[in-house]
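Chains here go by letter, A, B, C and D, matching the order in which they are written, and residues are numbered from 1 within each.
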Amino acid sequence: MTVPLPVLLLLTSLVPAAVTFFLPQEAHRLRNALSLGGALLKVALIVAMLFAVAGGASYEAGLTPAPGLMLLLRIDALALLFVSLSAILWLLTTIYAIAYFGTKPQLSRFFGFFSLCVAATTGIALSGSLFTFFIFFELLTLSTWPLVAHKQDAPSLAAGRRYLLYAMPCSAALLWAIVWLESATGPVIFAAPTDFGTLAPNAQRAIFALLIVGMGMKAAIVPLHGWLPAAMAAPAPVSALLHAVAVVKAGAFGVIRVVHDVFGMDRMSELGLGLPLAALASVTILWGSVRALGQREIKKRLAYSTVSQVSYIVLGISLIGPFAVIGGLAHLIHQGLMKITLFFCAGIYDERAGVKRIEGLDGLGPRMPWTSTCFSLGALGMIGLPPMAGFVSKIYLGLGGLQSGAPWVLAVLAASTLLNAAYFLPLLYRLWFREPAPEVQGDERAPALVAPTVVAALGALGVGALAAAPVSPLAWATLLAERAWLP
Amino acid sequence: MNALVVLLTLPLGGALAAVAFPAGVARGAALAAAAGTVAAALAVASEVAAGAPPRIALGGWPPPLGIALAADGLSAALLVTTAAVMAAVLLAARHTMAAGLAGPRIAFGFWPLALMLWAALNAVFVSRDLFNLYVGIELLSLAAVGLVAIGGKPEALAAAMRYMLFALAGSLLYLAGVALIYAAHGALDIDLLASRRPSGTDALALALMTAGLTAKTALFPFHVWLPPAHAGAPAPASAMLSALVPKASFVILLRLWTEALPDEASPAALTLIGALGVAAVVWGSLGALAQSRVKLIVAYSTVAQIGYLFAVFPLLPLAQAAWSGVIFLALSHALAKAAMFLAVGQWMAAAGGDRLEELRGLAQAMPMSAFAFALAAVTLAGLPPSGGFLGKYMVMTAAFTAGQWVWALPMALGGLLAAAYLYRPLAALFAREGASVAAPSRARQAVPLALAGGGIALGLASAEPLALLANGQPPIQAVVR
Amino acid sequence: MTFVLDAVLCALILGVAAATIAGHGVFRAIVFFIVYGLLVAVGWVRLGAVDVALAEAAIGAGLTGVLFLAAYGRLGREGAGGDAPAPAHLPAAMAGLGVTCALGWAWSALPLPDRPGPQLAEALPMSGVENPVTAVLLNFRAWDTLLESVVLLAALTGLWMLTRDAAWGGRIGLPQHVRPDGVMAGFGRVLPPLGLLVGVYLVYIGADRPGGAFQGGTVLAAVGLVAALAGAVRPPRIGATRWRAALVAGPLVFLLAGLAGAALGAGFLTLPPQIAGAALFAIEVALAASIAVTLAFLVLGPPEETITR
Amino acid sequence: MTALTLYALTGAALIGLGLYGLIAARHLLRRIVAFNLLGSGLFLYLGAAGARGDGPDPVPQALIITGIVVALSASALAVGLLVAGARLSGRATLPEEAE
């Protein structure tokens, strides 16, 4: 019996999840081996597929549990873009998390749900139909909660409650939209154009709005973003998962699927849906940055930064033009690499130096040079300094704005860049140019924490500097855009 | 020997043995009968699935003289679910209802009452005769009342009394309807009634039967007896009462409205039932939110979940998916609710009570039963990939395809409310602090986990149950009067 | 003339029923109820349903009445015998009136349907008995009756669960204190042999004429009750094995007879005509014994005397 | 009006009376008595319906005998609950209806 590739890809995280739940706390080596093995296998599978898919191949696996219900997994270029990001970052986060937690309690539960989260994200990436997407999207919601509340103290439980408080109504909206849509169109398959049939234009608009509400909550689009800063109560690996590997990205990816594959570019313009979405994304970009300015806790500032940065992706998609789409898709990867670097660093500052607030960063640069260099690279990338990844994204987004006849996008980008600088540069200044406070001690004698951080930072640097290479995220995004616009 | 006959007689025989023999033997006989009944339920389901649904004219007398028994997809699905729940309940009870823990009185009474309840459920699920159904639900009600009272506390006795009054009034109203049916048609068989010459009195008969059965099912506004009764019984009894007992009267209602008298199902009447269902969803959920004892939360949740089942009624004549959807809701509720009560029973034994603050941190000591509760909560809130989700999805789709999206609202709203009221016990369990308690063994914790897993599996492997249900599914009414 | 008789009877029934519901005092309501039951039994004779009349008189009025009177006595001991005044209840009145009017209207709208009469006439000779009501109860609708015999058992099991734990294992019912030379004791010596005879007779003739397991069993239960109340016999302990066997004998024989039919290939609860008569008689005897014991235990109530262990 | 109609209407009236008593009464023993009245009225109605046409129909009679036995079983359990409850609470009413 041969297992179809998409299912195999799913199993690389599902099997470790299922087994890990039943492992005793003491089985550290077996548990670590399972997680690492699954992550490595997944990366290997993806690398093997990359070239085939670049050449136009796609893989499919379907299951119809009931008439009218279709579970469809399909690996196409867009799916591969997202799944490779999440797979590589999963590997890094796993190494980091093993070192971060050491022998702390409840690790089987943690790694079980962690792998389950990644399995759900893989499912989201590979979903070939809207219904399948929803199933995995909800699986992600549920498996994230125990991670957010992992510490089981009052702030963590409050964060978990807040997360569900946002997630549940929004997934109800999503389900409502899917049922409404599919009762008129039949199953929505991403690879095939959706036949909207008799649905009135306003009904279509309402469905679109509900879908965006459902996806936008995870993508932390204002005003559905409140859960994300609260969730910084969770341990650093969870933050990495929320901000880079899985959750927020899944939301953004969902928006891409809705715009790109459910409605399609032509219908988006026909119904006039692009502009409102772009405006919403712009508001989020600016609001997130403004709020980040006011935060004194490192992780909270980073969280608001994510709110802002993820909407770059949404902005790119909503502008409906090749350049903008390339910028948005590339930013999916770019932002992930940069933000995971920053959260890894924040975790190291906390663990090794006890620093949670930005005042504590004073003079840490020379004492923790590796960490601080990575942090600086990530921050500069976020600001958009050439040749970092963020620069590439912003250039394409700006060009896209012009191409789509929305020059105001340039103003949004400029304002955002200024704000990025305003909330990141003071941190760098403190790290490198302030005198250290005498009571703050810090060291980097934790290679398993530092190594993944360095790899992530190098990745963030590399995807920007080598954007012109044939297998860069930009190249992949260009490939996708070409397929969308060139028949 | 015919599997259907075994299914009906083995629990009866087990109950008789449990009355006649001393406690130790009685328990053994009960468990043996249970094992055989589970096998018989599976055998009947496989016969139905193979396209050869068993049908018996008892005594060789075909209706209208005799009573016909028949298993269709609906019966088979309920029989198997009931078997799963009962097996888990009796396994759990093997320990908690033993004389050493529960005292000799309960150790005597629990087993015959549980088996009589099971026998009654099986009888109701396959009977095609309206009066035989009356005797079946009477047996069910009396066994259920006995199980409510078994704890012996004053609140339990008051709850049992209140339950008794509703059950008595409900039976007689149902019987009044049956009397009118017989008086008008000279027949009690569902299939004969489906092809009857309509009489002007049929609407009244249907109204009386519906009123009686909704009182027994605890549909709003007849729900007041349910929460104290279900919360007051010992955990294994609560599991049966909440998960299974309401399904019997519900199935009779479903058969009346879709099989026996579908032509009497006027839109106005269906809308009224649907509206009561919606009220039950809202009222039960708000009630659950207001409770601070987890058993009451779970019991109020049953009020809300019963509301779901009736909120689907307006869609039944309009869309095929509504019928399968509502049965999926009923089946997954049975599995999830039984899992919840069994898990709560283990916590109560460990922590000494079921107030939310007493449960704080119990997930530490009992991770498996806590996980069981969480999975059951996923099912009740209708989140994927559970059977509860699939049922909800089918009903919502039916509502939209029928152009009646209002009836999709209670599904969406109810799921949110369920998530809200089930979050509180979950958060309490998951809290960090927690006294060290004596946790039951992993094997015992696995019992509720298996049930809750069944609720999830119903969604993951939905093809087989859906194919099963298609056997004998009543056609929808093409023309709505 | 007969119509006037019926009209008077109906008026009496309604009047006594109204007094039962609306009168003052619980005791009086019970007495009215017993009178009511006897009047309705007469009504059943007028309707030509002698089997039902016997059942109504024995069970509806007799045994139920004793049950209520005993309960009234016990409530008095608990200080709860006084009536709880109930204010006039408008919704209840509307519900009652509504159902009455609806059923009254329905009577005029009821069609006269084909009934299973021809099938019944055809099947009766093969049923093993000549009394059509017994044939329906024990053969054509035997499944109802089998379940019903378990209903009795369920009620008894449930009732026993109301025993205080301290009284579990004791003699069922209230501890009796009867003076050996009192009126009750006299009754206890005279009535039981007579009742026994009537009860056995009713069971025996049930196959051909009005009577049967339920009516006969009820009379036998009454015999036991009188004997117990008179102190002639002491009620058994709740755990007594022999009595428990008596409780399940009826349903068990019924069940086994049904299964024998299935095992012989005839089908569950199917009795081949040649042995149907004998089989039904065996079932009827066992059932009557179980019904008698169960009903007597139901009326006696759970054990009340605290056991000193 | 025929005699059968007379008995049927009496039955219908008994059902109404019984339902009223079942809902309105406070003392639980009275409620149980009302339940029996309601049941007996219902049987009368069914019996009258069965006696129409050519001779009495034995099927309803059998149903009624079954119904009478079921009613007694239920009454006995209800009475037991009432007595056991009164022993613990000193009341013969539901707790929420105690004055």
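Everything below uses one rule, namely that contacts are C-beta pairs under 8 Å (C-beta built on N, C-alpha and C of every residue); 3 or more make two chains touch, one makes a residue touch a chain.
Remember, predicted model here, so these are calculated numbers, not experimental data.
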item: Selected pair, greater C-beta contact count between B-D and C-D; value: C-D
item: Rounded Å distance, chain C centre to chain D centre (Cα mean); value: 13
item: Chain centre separation (chain A, chain C; CA means) in Å; value: 73
item: Averaged-CA centre spacing for the pair chain D and chain B, given as whole angstrom; value: 27
item: Between chain A and chain B, centroid-to-centroid distance (C-alpha), Å; value: 43
item: For chain D, residues contacting two or more additional chains; value: 15, 18-19, 23, 45, 49, 57, 59, 63, 66, 70, 73-74, 77, 81-82, 84
item: Multi-chain contact residues (two or more partners), chain C; value: 99, 103, 110, 115-116, 120, 141, 144, 148, 151, 154-155, 158-159, 162, 164
item: Interface hub residues of chain B, defined as touching at least two other chains; value: 131, 135, 138, 142, 145-146, 149, 157, 176, 183, 186
item: Interchain pairs in contact, sorted by label; value: A-B, B-C, B-D, C-D
item: Residues of chain C that touch chain D when the two form their complex; value: 2-3, 6-7, 10, 13-14, 17-18, 20-21, 26, 29-30, 33, 36-37, 40, 43-44, 46-49, 51-52, 55-56, 59-60, 63-64, 67-68, 71-72, 74-75, 78-81, 83-86, 88-89, 91-93, 95-101, 103-104, 107, 110, 112, 115-117, 120, 132-133, 135-137, 141, 144-145, 148, 151-152, 154-156, 158-159, 162, 164, 214, 291, 295, 298-299, 301-302
item: Contact set on chain B toward chain C in their complex; value: 1-2, 5, 8-9, 12-13, 15-17, 19-20, 22, 56-61, 64-67, 69, 103-106, 108-109, 112-113, 116, 119-120, 123, 131-132, 135-136, 138-139, 142-143, 145-146, 149-150, 152, 157, 176, 180, 183-187, 197, 199-201, 204, 208
item: Chain D residues touching chain C - in the complex, by the definition given at the top; value: 2-21, 23-27, 29-30, 32-34, 36-37, 40-41, 43-45, 47-49, 51-59, 61-66, 68-77, 79-84, 86-87, 90-93, 97, 99
item: For the chain B and chain D complex, residues of the former touching the latter; value: 131, 135, 138, 141-142, 145-146, 149, 154, 157-158, 160-162, 164-165, 167-169, 171-172, 175-176, 179, 182-183, 186
item: Chain B-facing residues of chain A, complex; value: 64-69, 109, 134-135, 138-139, 141-142, 146, 149, 151-153, 157, 160-161, 164, 168-169, 171-172, 175-176, 179-180, 182-184
